[in-house]
Each structure stands twice: as structure tokens, then as C-alpha cells.
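The letters A, B, C, D and E name the chains in turn, as written, and every chain counts its residues from 1.
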Amino acid sequence: MTALVEVRNVTKSFGGLVANKNISFEAARGELLGIIGPNGAGKTTLFNSVAGTHRIDSGRIVFDGRDITALKAHEIARLGLTRTFQIYAASGDLTVKENIMVGCFMKTGSRSVASARADGLLRDFQLEPLARHMVGELPIAAQKRVVMATAMGTEPKLLLLDEVAAGLTPHEVDATVASIRFIHQDLGVTVILIEHVMEMVMNVCHRVLVLDYGEKIAEGLPRDVVKDPGVIKAYLGERYAREYTAESS
Amino acid sequence: AETIKIGVIYPLTGGAAAEGRELRAGAELAARIANDVMPGIDMDMARRGGITSLGGAKIELIFKDHEGNPTLGADLAKQLILDNKVVGILGCYHSSVTKTVSAVCEQYGIPMINDSSTSPALTQRDFKWFWRTTPHDVTFTRDLFELLKGLTEGKVKGVPAVPGDQIKKLVSACEKTEWGSQVSETIEGFAKQYGFIVQKSMLYAAKSADLSSEVRSLQAVKPDAMLFASYASDAILMVKTLKAQKACAKIIWGQNAGFEAPEFRSTLGDDVVGILTRTVFAPRVAAVKKVSGQVNELYKKEIGHDLSGASARAFTGLQTWVEILEKAGSTKPEDIQKTANSISIPGEQLIVPWRGIKFAAAGADRGQNELGSGIIGQYQKDKDGNIVLEIIYPFDVSTANMIYPFKAF
Amino acid sequence: MEILVGSLVAGLLIGMLFALIALGLTIIFGMMDIVNFAHGEFLMLGMYTALLTSQASGLDPLLMIPVAGAVGYALGVACYYGFVKFLLRGPMVAQLLGTFGLMLFLRNLALLLFGSEDRTIHSGVLVNRAFDLGMGVVVPATKLAGAVMAVISFAAVWLLMHRTRTGKAMVATALNRQGARYMGISTERMNGLAWGIGAATVTIAGALLVNFWSVTPYVGLLFTMIAFAIVALGGFGSVPGAFFAGLIVGLITEIPGFWDFFTYLTGSSWMAGISMTPFKYTWVYLAYFLIMLIRPRGLFGWKN
Amino acid sequence: MEKLKNFFDFRDLPRLDLGIAAAVGLALLVFPFFPFSSFAMSTVIQFLMFSLYGMGWNTIGGYGGQVDLGLAQYLGIGAYATAVSMIRWNTPFWVSMPVGVLIAIAWCSVIGYSVFRLKGHYFAIATIATSLVLKDIFEVWRFVGAARGLEIPATRFSSPDFLHLFFTQDDTYYYIILAFFFIGILYVNWFRKSRLGFQLRSIKDNEEVARSLGINVQWAKIKTYAVAVTFVSAVGSFHACYVKNIEPEDTMSLDISILIALMAMLGGAGSLWGPLIGAGILIPLKSYLKEWLGARAGLVGIDLVIYGAIIMFISAVEPRGVWGIVERIRRRKRA
Amino acid sequence: MPEPLLQVKAIKVRYSGLPVIHGVSLEVYPGETVCVVGSNGAGKSTILRAVMAAQRAFEGEIRFGGVAIHDKRTEAIVRLGVVYVPEEKMLFRPLSVEENLLLGAYCLEDRQRIAENLEFVFTLFPRLRERRRQAASTLSGGEQQMVAVGRGLMSNPRILMLDEPSLGLSPLLVDELFDAIVKLKKEGLTILLVEQNVRESLEMSDRGYVLQTGKVVQEGSGAELLQDDSVRKAFLGL
């Protein structure tokens, strides 16, 4: 397995606050990597750094063999690295299908091709009945599926998902897990996801990265990470730790 | 008998609506005098009662409002010509509107008389369907330089000859519009011709609520004469600012418009004494010209105040229309064209102090009335303490001694 | 030298008046994200109010400032409850549309009521009075009064916003209307208040302005544009920003004066050959444009 | 080929709309054969011109959410390009119009490059500022006639001159602008569903998200601006030939910019028919209110008071303009 | 049986014409913790918004402390002591954490009380004390959630309505948050809770309602509902 994305010593600070401190990691082609950590640990910031949403202070990011450190967000997206947003306020005047078509238009200029691809994605993500609805009117679960479908419209090699399971019922989490598996296995996309819903992390991730106060404090298999005392102290709490260790053992 | 429709396009709303009302009243009064028999007025038009050569046909005026907008003016002209089927057009006050309206008339071959636009360029276009009764800015500006020259030659009533080097340096401040920039250029031209020096010719942004830097800049060159082209609000502010900054010159002259507006006088009160303005009509004319007095009486009775430059010129414009129609005895454009090119109305028929009306039939100023002239008036206090506009130029009709030099505020 | 000092003082003085005019705009914008195209029309109404009431009552126009302020306040509140309230539901486009409508409505209503003549005040304490301080510094009484009024108004508004509970509530309303409601803040009242104060400050400016400048129903737009430039330059919604930007704009309008000064200083003839006066306001817009390139949210901007 | 077909692809619109649009289109085609007054004719020509300006505004302002209040500067550039080259070099309209468009696009790229970094109201006011600066320059620039402007002399060409768009009959102008109008509608219809159109709507929604979907936000905005500017400056060129007299005040003033935006906003920003509805309401309303109330009744200003009140009313009732009202009624019927 | 503090009677709500709540009734008695659960889009938030008059019910009645409040304005309802922590947080973004919290106490006049409440919130969420000067907009998602809840506690509400307070919080924090809610409950605060964390919330609630597409399909005590098969199947993934 070769690394699809390689993050080397990335540091990003806001004023005095160092949100990412010298973080390094890599994700192999075909991997499903999870990132967890307390609120404000710098997970979203790390996504922003990787996806070029903001400039990093120092460090290097290599994607698919190319140094993308200095590229702009849209250039990075065109190389096949797409991210979703944690707080996505889709208000505007685009319907679900139109939203997905925007993603599809990255790879094609033809309206009929984009439309056909969007139809395919609507089917894949069980959005067909909602195609003509405005995104803002949908329940959160459906919105998150729209976000994922739109991102898949760009045919990425690497997909960064920021808390797509937040606020979902267990049922819906299961559906989301299925969607992510579909993206990962059937479409062969490498996925990095940020999640607080531990059921999901434990279920789908091959490997987990733990951040705290901007630093990487642990990295490893999910079942190992949840036993890490540092992780328990900073993130999981005793109760959850007990639960998950019990489950996985 | 039939009526003869004449389209009249004036700025009835918009920034110049006050002038528009004057213009309209002047034209309406002229139409009344033409249509009725009014023995009390010593004017051919007043004796006839309609156009006798057309079976006593009455004049009907159709007013349109151009708001000071040239494009709208052109539209209205089309409308008058095509929908209202007017015989001809009168208007439009703003030179810019007159320009577009006359172009439409030219296109459709409909005669137009311009009574009140003073941009020289209007008659330099070799139009075949355009005649202008009022003198234009070149004439007015030449009047000014004649006056200045007269000062050095001792021709001005009440002022001994002034040594040439004491009145040499001029500055001008004109508003940055078509009108203002033309005046500014004309001043420079004449200054060269008459041997004066224009030290600064400034174009300023009109209606800008603050003229202190402009005044400071004028003051800095210590001019002998300050020349302005401004509308009322700027004219008032300009004089106020001059006063505040104690700026002064021996002569302060305004190219009509703002300097002649009633508001100018009432706002500034005694401060206007000594300021010169060019005009085509001052109530004092009525004192020296009988027919003017008669018409002015009538006008005052109806409107409540004296004839102004605007109303007097509108009156004269329509009067010219009436005389042309009378003489042509036809409403066919070609006949009107022929008549207009050859008409000659003697000065005693007019309420304005001109030698008459006779249009240049060809040449560089084609369609321009060659017998028109301007007046330069000076605000002075009369015995009762009222401020009146006394006539200073032409020298032969001057009504008072000139105040020279201008006393500081 | 006199030109330089004179221009500086004149620029600062007129700048303070501009700032006073812009104050209301920045308040209203800060609260509701509404760019009020009818702002200059409020100024115009303030001018007419002072002019007509002083003519009718025979009192000095200076005494009419509180009257104009009260009329402005009432007008602003009425505008809010009767009209602007409904605009708030819509996007920026709808708000622009609405205030264009308001601008046309007020301007032409004034035309209908007052006619289009230039009208001026003929006498009064401030009218035609000026103090000559030497060195080319001439301070017209109106502008001095305007400057004093501006300082007072800005201080009052700043204190209101930062030192009172109502001010805090106004800030909260400005930032997140629904959120403020959940805190128990009556956002309608706050917005109405903002419109009242916003309109009152600009009508007061109008009541001052009419002492040296004539009024027609059309005076508004120029001042609306200047106020826009000031408010955007200072940062939309920023009160101190509006003050400093006002001074800057005032100085910019004196560029012709500075140009003259350097012309004489250097005695250069090519400088003398170029006239700056036609561009008096061009510089304001150009400066706005250039400063925006460096600071896209104005000098003191914080809102997005 | 597919692209061409897409111009005529109105399938996503309700039948009723298309029916009404077809009826209006037909009525416009035969309009000059009926004996309407020249006033009606010039009102309809105005309507067509402002619809086109509004369509231009709508691409950047409606679909893109970038509220531009300075489009008149491009009207001026188009008009001056045509007038200057016609007066000085006798250039045919069909040459000067594209040249004007190119100049306008070049200018808009310069403006756009800097101005598109601004957001919301800052952007709107910056566009006003650039427009006023350009106007001030034109007012003193002798080459283009300074404040006096330019006049294409009424006797310059002999009518009809199709090359220089010089006619005595308004009918001919009418059909030319009507052709522009139909092309404009077809183009906007294509645009709104094109890749650029979609990208733009996404940008309007959320620029950050748009970037993450591979959209070069700045470039997409500039491209769209160029489209908007093309509309405005092409019609500006036509304006020069139709009116034959242009001045800075007349072609580049803030009032015109506002009027352009007003049309589209009142009709409904971001919808295909919005600008047409806006122009269709405002232009006749303005002309006829003035004719009935202003000039006849002598109540100076009352026409515009009513006009302003109507704009206020619509904006208060439905933020998305007249088209928003239509859609609301439709939705209620469906529910 | 005492009077219910909050009483929602057969309300119906719609968004731009589309009905979303079809006649929901629920009561909250003083001192009680009541939980509303339901899948996404069932209309839980909408009910709370209706109580706050942020989205008007077009039918039905809402009473608080015996007073009808469905025709009152939001701010008047807040002043009666109904405090709502919305799902979308609605922070005053450029203001600092502390300023945000203080605005939560806008309805209180007593400075001493305000200071105490602030201290209480800082003890509950120590992270906020660290960040008290930071602008709310730059906080992480979880930190923002803490500010929102803390702000709701600042005004000594008579009833606190929390809409998915655990959304986006780390497991540890969720735990702490629920502990905090339990603590508040013990202090006698009346709480109406909307949550996706069905198990935890039902465990600590006195009673619960299950909402499905705008209708109450089940109600009962927390423990009862936890035992219910359909609830377990639908929400606990068992």
C-alpha cells in the first residue's frame, strides 16, 4: 500500500492559539482513517489545512505524489481531494439534484453528462424522492447524504468527511455507515473522517488518529486507541471507555 | 377655424422646474395675446386674434416635460411629431435637451424654434429646421468683454476710465457641465482676443455643498475679476463662501442662471450689491420700453411677479412662431422653413431689448438670430432700499451709474 | 502655507459634517444590514423641516435643530414599523429594492409638497457668519456648529452602544436577531430605536446644513453617496469608523487645495496646468476603491 | 450541437409559463403592424432595452448574488465606443458593437479582479464608486466630447442604413432590438443551466463550499461579469445609434445603474422571467403615470410618488419580487 | 396533581404552508425533566420553536404557568422564564464568550446574581473560563455548544428547553453535559429536553414523549419507554 496523502509537520495557529501543532500522518490508498479528539482539538482545522481552505504556517502536504502545500482549495479539489463541511448551511436556491450537479460539473462541462451522473448518485444515496426539494428544507440526515453525494460528484480519490453522523439516530447512523462503506468499497475512495459518534468510528475505521490541544496524542487500531489512558482521559471518559473495551474484547 | 398645434417641451419637473414654470407661463401668455385681440398692447400679434392668414386659426400649445433628460426629450419630440402631429416645436431650455430634440426635428423635417438655450454649438450644426431667437453664450460673453474694455475706455456710466493694468487678471469658475465648460472656453477665447489674462479657469463639480477649496484657489491668484457660470444653489454658496473667506475682486460677474434667480437676491440680501450678471431681461427694461411694460403688467397680474429672463424669452419664442405662421400662411414645413429663413421682426415688436429677429440663413451660425443682444445688469440699492437689477450694458440703455470697484463684503 | 492650513481645517470641518451625516447610515446598517438608499432623503427632510419651521415661527433656524431631530426620530420610527420591518425578512436584494422605493417616494413627495425651487434660509445666528482665525483659517459658523454637533452625537451614540444595557441589546440584535429574541430582547424595539436615532442624527445634520446650503427635493443623492463611501470606508456598522472615515473623506475633498499648495510650493508649471477641481468627489470614490483593495471590510470593519 | 439544443431547452419550466411567453413573444413580433402611437412604440423599445440590461444584471446579480450597482459604466462604454467610432471613422455598428463589448470586457476584468474580493454591500458600493469615477473621467475627456457628449448628426447617413443602424422609422430599430431580446432570452436560458450557471449559484450559496467542489470562485465571477457586461454594452451601442446623442450624465449616471438593478430585482432576481417582468411593469408604469398624472394633472412628482410606493409595496410583500409572488401562489395551489 | 408548568395543547404548525406538526399535546410539570425523542425531521425542534413563538402554531394552545403564551412575542415569553437553547446555537459570533454569557442574563437586573450564575457556568464548563475572551465565532463546534447551554443557564430560567445539546460533543463532554443536566434537575430546575442520545436522556428523564412525523405516538415514564420494544428498535439500534 502506498500513501495517498502524506501530512508532514503541519502547524497552524490563530493568533496565539496553535490549533495544529506539528502534526504528521499519512493515509494509504484505500484506507479508512478516523480522526477523533475533544472539541476544539483541531480536527476541523486539520481538514482545512489539508484541503487548502487556509494556508498553513509550516509543514508539507503531499497528495497523490504531488506537493499541494501551496495550492488553492479549488485546485486541490480538482486533483481529487474533496472535503465536506462540519457546519453546512445550505440555504440558497438549489435543489438536491442541482446541488449534486454542481459537484458533477467539476469533471464535465456537459449538462447531460452531469445530469446523468447526478441521477446515478441520487440513486446511490437514496435521494431520488427528494431530488426536487430544496436542501435547506430537508431533515439533517438527508442533508448529510446530499453533502456526501455532492462530494462524490467530483469523483474524488480522497474524501474528507467532517462529522457526517452528528445528530443522527442509531438507525440513521447505520444508514450513514452503509453510505460510507459504499463510497469506500464500491467506489474505491480513500476516506478520512472526523466523528464523535464512536459507534461509527469503531465500526468502520481501519485506523484512528487522536488529536488533543492541536497535537497528535495517539494513533492506531480503533480497539487499541480506546484503551489508551491518555485518550480516555482527554476524550472518551471512563464510562465510554468501559463500554467500548467491553465490546471489543 | 382649425387650431395650429405647437409642441412645447420644457423642464416642468426636475432640477429646473422653477424655470420651467416661468417658461410655460411666458409661452402661454404669448399664445393668449396671439389668439385674442388685445388692444392695450402695442404689438401686431395682439391686434390680430389668431393667425389671420390661416383664417384666424388659433394657436394650441401642447406641453411636454423633459425633466432635463435629453433622451426623454427626444422621445417627447417624436411623440409630438408623430402622435400629436404638431406643426412645429418650441423649447427646450436645457441646451442638452434642445440638442436631441432638434436632431429629431431635423430627422423628421419639422421646424423647431429654440427660445432659451444658449449653447453656441446648437447653431453650428448646419441644421435646416432649427432656428434660435435668443442670443447665445458667445454673445453674452462678448458683452462682458465689451464692458471690461469699456471700463478701460471710460465708456461706462459713472466710472472714469480705469487703467488697463488695473483690470487685467481674470479667473473663471464654471460648473462642470456642457454649459459651464462652453462658457469657460468662450471666456478664454475672448480674453485672448481682448488682451486679458485668464489666470485660472476652473471647472467645479456642481451642487457639491462645499466650495471653500474652490474659493481659496481663486483667491490665491488675487484676481481683478471673478467670472462665474453657476445655477442658483451654487451661485448662492459661492457668494457666501467668498464673503466668509473675505475673497473679493473688483468685478464679480455671473453668466446668468443662478445669479439672476430670485432666490439669489433674497438669500444674500445686501451682499449682492455690486455683483454683475448677464441677462436678457430685467424689469428695468419695462421702464425704458413701452411694449415690455404692457406685457409685464399683464404677466404680473396673472403670475404675481415680473417677467424674468426665462419667461420673456419663452414669450418671444412663441411670438416668433406666430409671426412666421402669419407670414407663411401655411402649415407646411417647407413653407415655414422658407418663411423662417427670410423673416424679419422689428425690435419694437419685442418685449426683449433686441434689435429684432432675423435668422442667419446660412454660414457658421445658421439659424441664429442675428439681431439679439444681451444685457449686463448690476444689483444696486434704490432710494427705498430695495435691491434692483440696474442695466449697465449696453451703454446706451444703461439705467444707473456702475458701482466700481466692487466693495468688499 | 495659508492654503495648506486653510485646506486642512476646511477639510476636517466638512469631514465632521459628513461624518454626522453618515452616522445614521452606519447605525442602521450595523443593526439590520440594510443599506438605506433613502438616507439622503432624510437629510433633505431635515433641511426642509428646519427651513419651514423657522420661517413659519420666525425663530432662529438654530433653534429648529431639536425640532428637526424630533421629526427625524418620528419619521425613522414610522419608517421602521410601517415599512422596513417587512423588508427584514428578505435578502439584500429586496432591501435595496425597498429603500430605492423609499428614496423615490420621499424625494417626490417633497417635490409634490415643496416644489423644486432652491430654497434657502435668509437669516439666522449661523447664517453668513464666519470666524477668521488668521493663517487662512476661516471657520464658517455653520460648519463649526456642525463639527460640535458631530462630536456630541458620536460620543452619545458610542456611549449608548457601549455603556448601557440598551446598547448591549442593540449590539446583540445587530449580530443575531433571533438569538437576541431568545435572550428576551425586544428586537423590534431595538430596530425601531436604531431607525429613530439614525434618522434623527441625519435630520439634525440637515437642519445644520440648511444654514448655508440651499435645499431642493434632489439634494439627497450626493450625500447618500458620500455617506455610503464613508460608511464603507470606515467599515459597515462601525461608529468610530464612520467618524474617522468622515474626516478622511473631508480631507480628500480638499485635494484640490493641497494640489494648489504644492503647485505654489514647487512652482511647477505642469501642476498648475492640471485642474483638480472637477474631480473633487472622484477622489473620494477612487480612494474608497483603493482602500477597499487593501482592507476589504473597511478600516474598522468587523461584520461579514 | 448539444449546446445549441440547450439554448432552446425550456423543458423544466411549467407549460403555462411557456404558453404566456410564446403569446407575449408573438405579440411583440406583430406589434408594429398595429397602429399604436409612437409613444407606445418608444415605450416598448425602452422595455426591450431595459429587459436586456436587466437580463445582464440578472446573470451576475440574480444568479450570482453579486449586487452590482454600477452597470451603467458598461452601457456608457458600449455607447461611446459606437458613437466615437461612427463619428470619427464611420465605423459600422456591427463592427463597433463587438469592439465596444471587448473594451467593456477588458475594463470589467480590471474592475472585477479587484472588486470581487469584496462581499455584499462593500461590493455594491465599490461598483457604484468605479462607475462614478469613470463617469467623472468621461465628463472631462475631450476625445469623447467631455460633458457635452457626442452627437451622431441627424444628417450623417441616409436612412435606411443598416450598416450604421441609421433609420428614420422606429420600426426598424424595434425589430433589431427585438432580435437582441430573443437572443438574450435564449442565452440566459442556456446560461442558467450551464456549468457556469450552476457554479455561480453554488458560489451564491456558500463560497467556501464552492471552492471545495473545485470551483475557481474568482474566475467564475469574472466570467459571469463578462457575460453581464456583454449584454449591457451591446445594448449600450444600440442606444447610441437609437438616441444618436450620448452624454455621460445620460448613459453612465447612477440613476441608470439603479434603474437596471431595479428592473431585475422588482421582477425577481435569479429567475429567467424576472427582468422581463420588472421592465414590463416599471417602464410602461413610469411613462404612462407621468403622462396621466405628471404632465396632465400638473401635480409635479405624484407619478413618481406612486411609482416609489409600488416598488415599496412589492418589496415589502414579497422579497423575491413579482416572480416570488407568482411562485408563492403556485406553491399554495399545489399544497 | 399540580398544574403543569408548560402545557402544549393540540398544536399544529406549518412551514411555508406545509404542515409539519399535526396536533401535538404535551405537559411539563414543575421540577420535572421531560424528554422528547424522535427520528430526524419528526418535528421536535419545531415544537420548541412553537413554544417560543418563533414559529407560530396555527392551531392549538400553549400555556405556561397558567398563562396562554401562544400569542405572545418571543421576548415576552423569555421574560416569563422560558429559556430555549436552540439547535443552531445562535451565538453572537464576534462577541467574546463572556459577553455572550452575560447577554444570556439580559432579563436579570441583579448584578450579584449575574456574577454567581457566571461563576456557576464557568464551573460547569471550565473550558469556557479558559476561552472567556475569545470570540465565539472562532470556537470549535463543541465549545460553541457549551456557550449556548451556559448562556441558557445565565438567567435562572423557570424552564430550560434544550434542543439536542449533545450535538457534536465529544463522548467525554456528552457525559459531563448530562451530568450537569442531572445536577440542574436535582436543584429543582424544570427541563424539557430534545435529544438524539435516546438512552441517556430517557434514563435521566422523568417522562418522555416519542414523536413521529409530527404526532406523539407514545408517552410514558423514562424507564417505561426504555423498556418498550418499538422504542428500543427505533432508537437504540437493538
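Convention: a residue touches a chain if its C-beta (ideal position, glycine included) is under 8 Å from a C-beta of that chain, and two chains touch if they have at least 3 such contacts.
If you want to know which protein each chain is, UniProt gives these names: A, E = ABC transporter related; C, D = Inner-membrane translocator.
Model, not experiment: these values are computed from the prediction.
Novice: So if I look at the partners of chain C and the partners of chain D, which chains show up in both lists?
Specialist: Common neighbours, chain C/chain D: B, E.
Novice: Starting at chain A, find the fewest moves between touching chains needed to arrive at chain C.
Specialist: Shortest path length, in steps: 2.
Novice: If you tally contacting C-beta pairs, which comes out ahead, D-E or C-E? Let me know.
Specialist: C-E
Novice: If you average the CA coordinates per chain, which chain's centre is most distant from that of chain D?
Specialist: E
Novice: Compute the centre of every chain as the mean of its C-alpha atoms, then state which one is farthest from the centre of chain A.
Specialist: So the chain farthest away from chain A turns out to be B.
Novice: Centroid from C-alpha atoms only, then distance chain D to chain E, rounded to Å. What do you get?
Specialist: So the centre of chain D lies 50 Å away from the centre of chain E.
Novice: Report, in whole Å, the distance between the mean C-alpha point of chain A and the mean C-alpha point of chain D.
Specialist: Spacing between the chain centres: roughly 44 Å.
Novice: Whole-Å distance, chain A centre to chain E centre, using C-alpha means?
Specialist: 29
Novice: Which integer distance in Å separates the CA centroid of chain B from that of chain C?
Specialist: Distance between chain centres: 37 Å.
Novice: Can you list the chain D residues in contact with two or more other chains?
Specialist: Touching at least two other chains: 139-140, 300-301.
Novice: So which bits of chain C are touching at least two other chains?
Specialist: 111, 115-116, 278-279, 281
Novice: What's the complete list of touching chain pairs for this entry?
Specialist: Contact pairs between chains: A-D, A-E, B-C, B-D, C-D, C-E, D-E.
Novice: Looking at the complex, which residues from chain D come into contact with chain E?
Specialist: 331-332, 335
Novice: Please give the residue numbers of chain C that touch chain D in the complex, ascending.
Specialist: 29, 33, 35, 37, 83, 86-87, 89-98, 100-112, 115-116, 217, 221, 225, 228-229, 232, 236, 278-279, 281-282, 285-286, 288-289, 292-293, 296-298, 304
Novice: What residues of chain E sit close enough to touch chain A in their complex?
Specialist: Touch list, chain E to chain A: 15, 39-41, 127, 134, 138-143, 145-146, 164, 167-176, 196, 198, 234-237.
Novice: Which residues, counting only chain C, touch chain B once they are in their complex?
Specialist: 3, 6-7, 10-11, 14, 111, 115-122, 128, 130, 132, 136, 138, 140, 209, 212-214, 216, 218-219, 222-223, 253-254, 256-257, 260, 264, 275, 277-281
Novice: Spell out the residues on chain D that touch chain A in their complex, using ranges where they run on.
Specialist: 2, 6, 193-195, 198-199, 201-202, 204-206, 208-217, 270
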